[in-house]
Structure formats: C-alpha cells, structure tokens
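Input: structures, listed below.
Shared between the two complexes below is subunit A, which pairs with subunit B and subunit C, respectively.
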Partner chain A sequence: MADMHGLIDTLQFVFAPQIVNGLSIGVAVILMALGLTIIFGLLDVINMAHGEFYALGAYLAVSLLAAGVNFWVCLVAVPVLMLPVGYVVERALIQRVFDRKDRHVLTLLLTFGLGVVLEDAFRVVYGPNTVRVDTPIGGAAQILGMYFPNYRLFVMAVGAAIVAAVWIVVFRTSMGAIVRAAAYDRQMASSLGVPVARVYSATFAFGIGLAGLAGVLLAPIYSVFPTMGKDFILLAFTVVIVGGLGSIKGAVIAGIVLMQIQALASLYISPVWTDPLLFGVMVLVLMWRPRGLFGALGNG
Partner chain B sequence: MADAGSVIEAVRRSEDSRRRSLSAFALAFVAFGVAFAAIAAARGEVFFLRLATEALIFGGLALSADILLGYAGMLSLGQALFFGLGAYVSALVLKNVLPSFWLAMLVTLLVTTLIGLIAAVIATRARGVYFALITFGLAQVVAKVVFNTPSLGASDGIIGVPVIAIDLGVGQVTAASPAAFFLFCLAFIMALYCLCAYLARTPGGRVLAAIRSNEDRVPFLGYPVTRARMLAFVLAADVAALSGALYPVLRGFVSPELLYFEVSGNAIITVIIGGMGTLIGPLYGSALIVVLKSVIGSYTAHHLIVIGSLFVLAVIFFPQGLIGAVRPSLERRFALRAAPLRR
Partner chain C sequence: MLEVRDLHVHYGLSHALHGVTLGVGDGEVVGLFGRNGVGKTTLIKAIAGWLKPSRGVIQFGGKPLGGLQPDRICRLGIGLVPEDRRVFPGLTVEENLRLGFLQAPQRTKALMAARLASVYARFPRLAERRRHAGKSLSGGEQQMLAIARVLVGEPKLLLIDEPTEGLAPIVAEEIFALIASLRSEGISVLLVEQHLHRALDVCTRCYAMSRGQIVFEGGVAEPGERDALLAELAV
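Let's look at the complex of A and B:
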C-alpha cells in the first residue's frame, strides 16, 4: 500500500510536471517546425533564417509593447506585420536562385546569409542584452494537486488551436488544395491556372508569420535576445527531420514525442546530454527511414 | 559528328587551362604571402602578422569546406566540429604530453581520421539538405557537450598552451616569432592545398566530380558512390583538423567558440566569396574577409551585417566567387599561349 502511494506520488510530483513542461516546450518547437516544414514542403527551401524570424517576431512585440500596444493586439499584429516581410524575402532573394540547378544548396545559403544579417541587425537596433517581457496572464492554476503557470497553459491551448487551424487550412480548404497542388506538381498546377509564383511567396510569408507568432507567444516565457532563434532552431530542425521534411503531421507527432523524451530523460541524465540523446534518436530514425517518419506535404 | 578523340582532346585542353590558371592563383597567393611577411617583418609589425596567420588557419578550414561543397557537392554546416577537434587535440598534446609540434599533428591526424570515419558513417548516408542539417546538428551537439565538460575546461577552454619551437630538421621555427610562424603556416596550408589539388586530379577525385554532376548515374558506371563520399568527408575532416591544430600554437589557448556554428558558417561564407570548387579561392576568400573585418571593424563592431549582405549578393550574382570572376580572362590567355589559334 505504501508502495502504491509512493508510485502515485512519483507520478504526480516527479513525472507530471516534466510532462507538462515537455508539452509547453513542445508547442513552441512545433510552431517553429510547422513553418519550416510547410516552407520546405512547398518550396524545397530549408529556411536557415527561421530562428531569426522567430526572434524578429519577439523583437517586434518588444517594440510594440514599448509603444504602449496591448499584448493581445501584438499577438495578432506581429504575425500580420511579418507577412509582407516574408513575401518580400521570397520575391527578392529566393525567387532569384529558384530556377538554378543546385537550388537546394543556394536557397539554404541565402537564408543562412539573411540570418547572419538579421542577427547582427537585432544587436544594432535592440542591443546585445536580454529583454524581458512581462507575462500577460499572471497566477497559476491548480490541476490534480499541482500548480501550473496560467500563461503556459494558455500557450499550450493557443498552440493546439494554431496547429488545428493550420491543418484545416492546408487539408480542408481550397486555398490549401492549391498549395498542395503546387507542391505536388508545379507545372500541372501552373497550367491549371494556379498562380504558382504567388502561391510560393504567400506560403513562405505564411511560414514566416508562424515563426513570428511563436516569437510573440514565447517572449514572456524565454525572454528576448539576439541569438534566441539559434538556441531553438536545432530542436526545430531535429523535429522536422524526424517527422519528415514537408510533413505537418510528422512535425506535430515528432514535436510531442521528442520533447517528452527530452523532458523525461532530464530526470535521469544531465540536461547537457539530452541534446545528444535527441540527435541520436534523429540519426536512428534516419537510418531506419531516410526521409523521416511521414511523407511530404504534396503527398499528404 | 565530332569524333571521340577530338572531344577528349578538347576536354583535356580545357582542364589543362583551368589547372594552369588555378596554379597561377596559388603561386600568386604564395608570392603575396611572402611579400607581406617581408614588408611586415621589416616594419616590425606583430599584430598584422598574427592576424594574417589566423586568416591562413581559417583559410585551411574553408579549404576543407570547399572539398566537400565544391568537389563532392556536399554542403557541410559543421566543419567547425573537426576544426575545433584538431585545436583541442593539439592543445591537449602540447600542454599535457609533450610540446612537440609534429607529435601534436600526428595525434590530431589519427584522432580525426577515427572520429571522421564515425561521423562519415552517420552523415554521408544522408543526401542534400539532410546532409547539411545532420552535419549542423552533429557540430552543435558536440559543441554543447564540450562547453559543459569540466575536464576540457568547459566554457573557458584550455589555456596556457606552451609556446613551442617547430623542428624542421634543418632548423627550428619558433611560434614566438610572428614572421617566421606566419611563413611556416603559409607553407603548411599550401601543402594541404597541394595535396587536395593533387587528389582532385586522381581517379578518386574525378569520381567525386562525377557524383557532383550526376549522382544517380555514377553507380551504373561501376564506381562506389558511398565510399567516395566517405573518403571525401574524412579528407575534409583531416584538413580542417590540421588547420585547427595550428590555432593553439598561434594563440596559446582554445575555447569552445571554435566549435560553434559561427565558425562553420564563416567557412561557407569564405568558400562562396572566394570561389567554390577552386580550392585556392577559399584561401583568397579568407584573406579578403579578414581584411574586410578589420577595415569595417575600425568603423563599427557590426561587421556581420556587411559580410552577410556581401555573401547574399555573392550567392545571387557571383556564385563563382572572386576567383570565378577573374578566372575566365586568365584562362583565355593561358589557352592562347598553349595553343595559338589554328585555322
């Protein structure tokens, strides 16, 4: 009987907080991974600047908050502001090398260069130091005898809603059908009257908007600094690769599973070794399935 | 129909003129280096000689990135892993075992070949962007582990590497003399360059070039793709590590920053700006970037904005880089000299 109590206590006070922790980080990583995977699924572009766009979203929120804008308005305004940024980047940079032979490498290099410039630009504009953003929802809720910060619960709820919304847009609307058609067969979609070039730019902008949204949402939790994107991008890439580049379902499932592995493993091993652990999982998955767990966006 | 003989002849001639123009660039690089060392030594410069030595060392890293990107078509975003590995191994040997340069190089070579083989098994299975992302991840993971390992000095790295004298058989070069050590590094890096340029002309090197232009066709011709990619990966790892092994000799310390993505990224920027697929281009690129950094650095601390923008422009407008922009006219001249126009 005492053992039973011990087990329940362990579950409740040791595992449950870690699981919730893993879920809240998982939501953040999934939001990043969604943008990455959608951009890759359609354009075949690995966006190395995705972490910097995430940081840009957070910094835009910092600026708007400083100007006296309400946090809830920021949550909508920042992704909207990011859309034209993404559109212009796709038009001005990516389209220029899109028809060359080794466009995979060239677009990766372009977005990498863009990331370098953006990161330094953050230092110029906002300084090198960490900026804190106040939590818009204070307090904590008591669930099953444990306390959870309200804002984290809110982020999880919003994240789940966004994932659902993205899924509905991509798989259940005509707009999504157009995007999937363009990803599946560019020429065919084009000859059926789909403005493929504009679909590409809009999709890129959409992915950037998601990164910006993640930046605003997470700013109160992780605070804002120039290299904030870099710390995150490896996790996001790992999730996307394990899930399968271009797969939305894969990004969500891999995001949840990998972040749970990380959260639970950190109970037993030093946090330093959780990164190699996740990386090892990724390598194993790639050996077993070289294209990740699930198929690409176009084939969804 | 052109007969096979004349096609082979034309290919050989174009390869000859390409090789000769690249050798001219290499000779010019050595000449610039020697002239620079002479002027700087005569004026008693220390700072600029040290800076130029560092440019050479990072040039060696860029050279290794070019072996993969320019010859095998593999974009590695983690060359800093091997550069840092070389720096750490060499620092540990020099500090804890024996202050002998050649022993440090030998141990670096052995350790890197072993670890490079393991990494090659993991990374070269993947193609294209997967390869890029795996090398990126591999380097990030190792950097994080080193940063948190107290026995490797954690975030401080390894300090207090002794100043050594390098035994050359006929005499000694001391790392304390800026000009002599610069010239030694020039010779060392150029030896690595010559080795790579030679290997690129061997049958194995040609298989790599074939893989780069059409990977699917090569196995049908009976060449082992995976083995060639692995060998290229290990060679690049060794070149990066041997360059990195010079770092503690120059600076007297190593730090985990050497393993960071900035270093890998910088190597790729250097390759693109200098000229990918030329091997000598990255060395020019490294020199150019160090000059740019110190010129821009005298105005602002934010040189990355300028260099990043330059890189983006180079990718769009000059994918052949500095060497590629100059080479065609030089090649035409060589072709004319080799074979005066016959009608």
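Let's look at the complex of A and C:
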C-alpha cells in the first residue's frame, strides 16, 4: 500500500509537472517546426534564419509591451506584423535565386546570413542582456490534485488550437489544396492557373508568422535575449528531421514525442545531456527511415 | 487561334527546335506526329510556358505568349494535359478538379458547382471516385482526371501530349472518343499522339516533325485513303 502511495506521489509530483513542461515547450517547438517544415515542403528551402524570426517575434512583443500595448493585443499583432516581413524576405532573397541550379546552397547561405544580421541587430537595438516579460496569467490550476501554471496551460491550449487550424487550412480548404499542389508540382500547378510565386511568398510569410507567434507565446516563460533563436532552432530542426522534412503530421508527432523524451530524461540525467539524447534519437530514426517518419507536404 | 512562327528552343547547347512554324485554328483538332525525341513535347512545353524559346514567336488570339509565366498563359485560355498526366497524388479527385477552376475570371461557388457537375456528367467514373486521392486512380482514370481538370476551366485550346501512352486499348478508345466529342463542341486541340491511325480519325489537320522541324503539313484524308498520308507521317 505504501508502495502504491509512493508511485502515485511520484506520478503526481515528479512526472506530471515534467510532462506539462515538456508539452508547453513541445507546443512552441511544434509552432517553430511547423513553419520550418511548411517552408521546406513548399519551397524546398531550409530557412536558417527561422530561429531569429522567433526572436524577432519576442523582441517585437517587448517593444509593443514597452509602448503600453496589452499582451493579448501583442499575441495577435506580432504574427500579423511578421507576415509582411516574411513576404518581403521571400521576394527579395529567396525568389531572386529560386530558379538557379545552386539555389539550395544559396538559400541556405542567404538565410544563414540574414539570421546573423538579425541576431546582431537585436544586440544593437535591445542590448546583450536578457529582457524579462511578465507572465500575463499568473497562478496555477489544480487538476487531479496536481498544480499546473496557468500560463503554461494556456500556451498548450493555444498551440493545440493553432496546430488544428493549420491542419484544417492545409488539408481541408481550397487554399490548402493550392499550397499542396504547388508543393508537389510547381510547373503543373502553374499551368492550372496557380500564381506559384505569390503562393510561395505567402506561405513563407505564414511560416514566419508562426515563428513570431511562438516568440511572443514563449517570451514570458523563457525571457528574451539575442541568441534565443539559436537554442530553439536546433530543437525545431531535430523535430522536423525526425518527423520528415515537409510533413506537418511529422512535425506535430515528433515535437510531442521528442519534447517528452527530453523532459522525462532530465529527471534521470543531467539536462546538459538531454539535447545529445535527442540528437541520438534523430540519428537512430534516420538510420531506420532516412526520410523521417512521415512523407512530405505535397504527397499527402 | 494559336500561331507559332520560326520557333527555336535550346536545352543548354542542344538545339531542340529548329524554326518550327505551326498553327491551330478555331475548333480545329490538329495532330502533331513524329518519332520519340523529335521535339513534339518540347514544342508543347514551349507553348505552355514551361520552356523559354531562344527565338521565334508564339501568339494566342493575337497576343504574344513570349515571356509569360504558365499561369498567365493558362488564364488566356490554353489548357495543358501533359505527357505524364501530372495528377497531384496527395489531392483528392475533386481537389484536383477544383484547381482547374482557379483560372476562371469569375470564381463563384455556383459556377464552380455547375462546372464540376458538367465534368462529372462527362466522366461518371471520376464522380464515383471524387473523394479518392489522385494516387489511388488507375492510369486511365488519371488520364481522364488530367483532361477533366483542364476542362473545368473551359479552355479555348487544349494541348494534349500523348494521352493514350501506357493505357489499355479499351481505355485509349475512350480517350479518343472524348477528343472527338471535344471537337464536336468546337474546342480547339493540339494533339501529340503515337497511335497514328486512331488519332487521324479525330483530327482535322496534322503535322509531322523530324529532328526538331516540321516536315509535313496537311489534311487527314478520308479513312481508307490514308496510305500515302501514313507513309508521310511515319517519319
């Protein structure tokens, strides 16, 4: 009986908080990974600046909050402000080299360079120090005898809603069918009247908007600093690679599973080793399925 | 309607089309014949905007197509049914068909429903499989979908490249019957086809190509009087 109580206590006070932690980080990683995987699935471009766009979202929130804008307004305004940024970046950088044979290398270098510039710009504008963002929802909720921070529960709910909305848009609407068609066969989609260049720009902007949203959502949890994108982008890339480059389902499932592995493993091993553990899982998955767990965007 | 004059296309250093001149009039079904690799598909791709000509003129309804993107060419009323069908495998039959409606100038739900109903009436098999993914269709069904998808947009001219390639004879017959019905509806077609005998039955005029050039142009003659023509076309 005493053992049973011990087990319940362990589940309640040790595992459950870690699972919730893992889920709240997982949701943010999934939002990042969704943007990355959609951009890769459609444009065949690996956006190395995605982490810095996540940071840009957080810094935009910092600026808006400092100007007296309400956090909830920021949550909507920042992703909307990120859309034109993404659109312009795609038009000015990606599309410029899109028809060239060496575009994979060029887009990789261009987005990497953009990331470096953005990171230094954050340093110049906001300084090198960490900026704290107040948690907009304080307190904790008691669920089944366990206490969970309200804001983390909110992040999970918003993240789940966004993942569901993205899934519906991509797989259940005409707009999504256009995106999937353009992802699978650019020429044929174009010959059916799809304005492919505009679809690419809009989708890139959408992915950047998701990164910005993740930046705002996580700012109250992790604070804001110039290199915040670097730490996160590695996790997001791992999730995208394990899930399958270009797969939305893959990004969601891999995001949840990998972040749970990380959260629960940190109970037993030093947190320093949890990232290498995830990379080890990635290597194993790639040995077993070199294309990742699921197929690409246009292939359904 | 379609006018191609002195068209040259290069693939890198390789000169694929050497001054091709060809025309398709209103309501004509024009056959384009020749062995594999003579430039038929290259010509179709150049008209559709997939390849940039190095020299020459392509005009449709008096408007030059040079430099236009494929979506703009499509919006002018040129529908493409490419050689390998290029059905979107992850999209359902209906999603594939709806894409064909994108180029319609007025995109209302009612018009879309009417166009889909008209296409489903013509292709009942596609109606039965409207919720199935493109990749689950047979070769014949995919070919019908590729044609139906373009018809949803009510094009003025159809470019159809090797529609019966790899299909069972009975399915190929259905495709030829379909092209004949398009002809009776006054839709212009430029048809690339290997089955000369059967293709001539649905064509009003024909061309033959060899080594990137047009080497024959003429009418299709009456069935039973085509021996000389077939000899000309078997280049």
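We adopt the following convention: the second predicted complex is superposed on the first by the 300 of 300 C-alpha atoms of A that agree within 3 Å, B and C clash if a C-alpha of one lies under 4 Å from a C-alpha of the other, contacts with A are read in each partner's own complex, and residues count from 1 in each chain.
The rule is short, and it goes like this: a residue touches a chain if its C-beta (ideal position, glycine included) is under 8 Å from a C-beta of that chain, and two chains touch if they have at least 3 such contacts.
Here the structure is a predicted model, which is why all the values come from computation and not from measurement.
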item: Subunit B versus subunit C as contact partner of A:W273, first or second or both or neither; value: first
item: Chain touching more of subunit A, residue-wise (subunit B, subunit C); value: B
item: Touched partner set for A:S174, first subunit B, second subunit C, both or neither; value: second
item: Touching partner for A:V283 - first (subunit B), second (subunit C), both, neither; value: first
item: Which of subunit B and subunit C A:M188 touches, first, second, both or neither; value: second
item: Contacts of A:D9 with subunit B and subunit C, given as first, second, both or neither; value: neither
item: A:R96 touches, of subunit B and subunit C: first, second, both or neither?; value: first
item: Which superposed partner A:V196 touches (first subunit B, second subunit C, both, neither); value: second
item: Contacts of A:V124 with subunit B and subunit C, given as first, second, both or neither; value: first
item: Residue ranges of subunit C in contact with subunit A within the complex; value: 48-50, 69-71, 73-75, 80, 82, 86, 88-91, 95, 98-100, 102-103, 133, 135, 149-150, 153
item: Complex contact set, residues of subunit A against subunit B; value: 40, 46, 93, 96-97, 100, 102, 104-106, 108-110, 112-114, 116-117, 119-121, 123-124, 230, 234, 237-238, 241, 245, 270, 272-273, 275-276, 279, 282-283, 286-287, 290
item: Interface residues, subunit B side, partner subunit A - complex; value: 69, 73, 75, 77, 122, 125-126, 128-130, 132-134, 136-138, 140-141, 144-145, 148, 261, 265, 268-269, 272, 302, 304-305, 307-309, 311-312, 315-316, 319
item: Of subunit A, residues touching subunit C in the complex; value: 174, 177-178, 180-181, 184-185, 187-197, 298-300
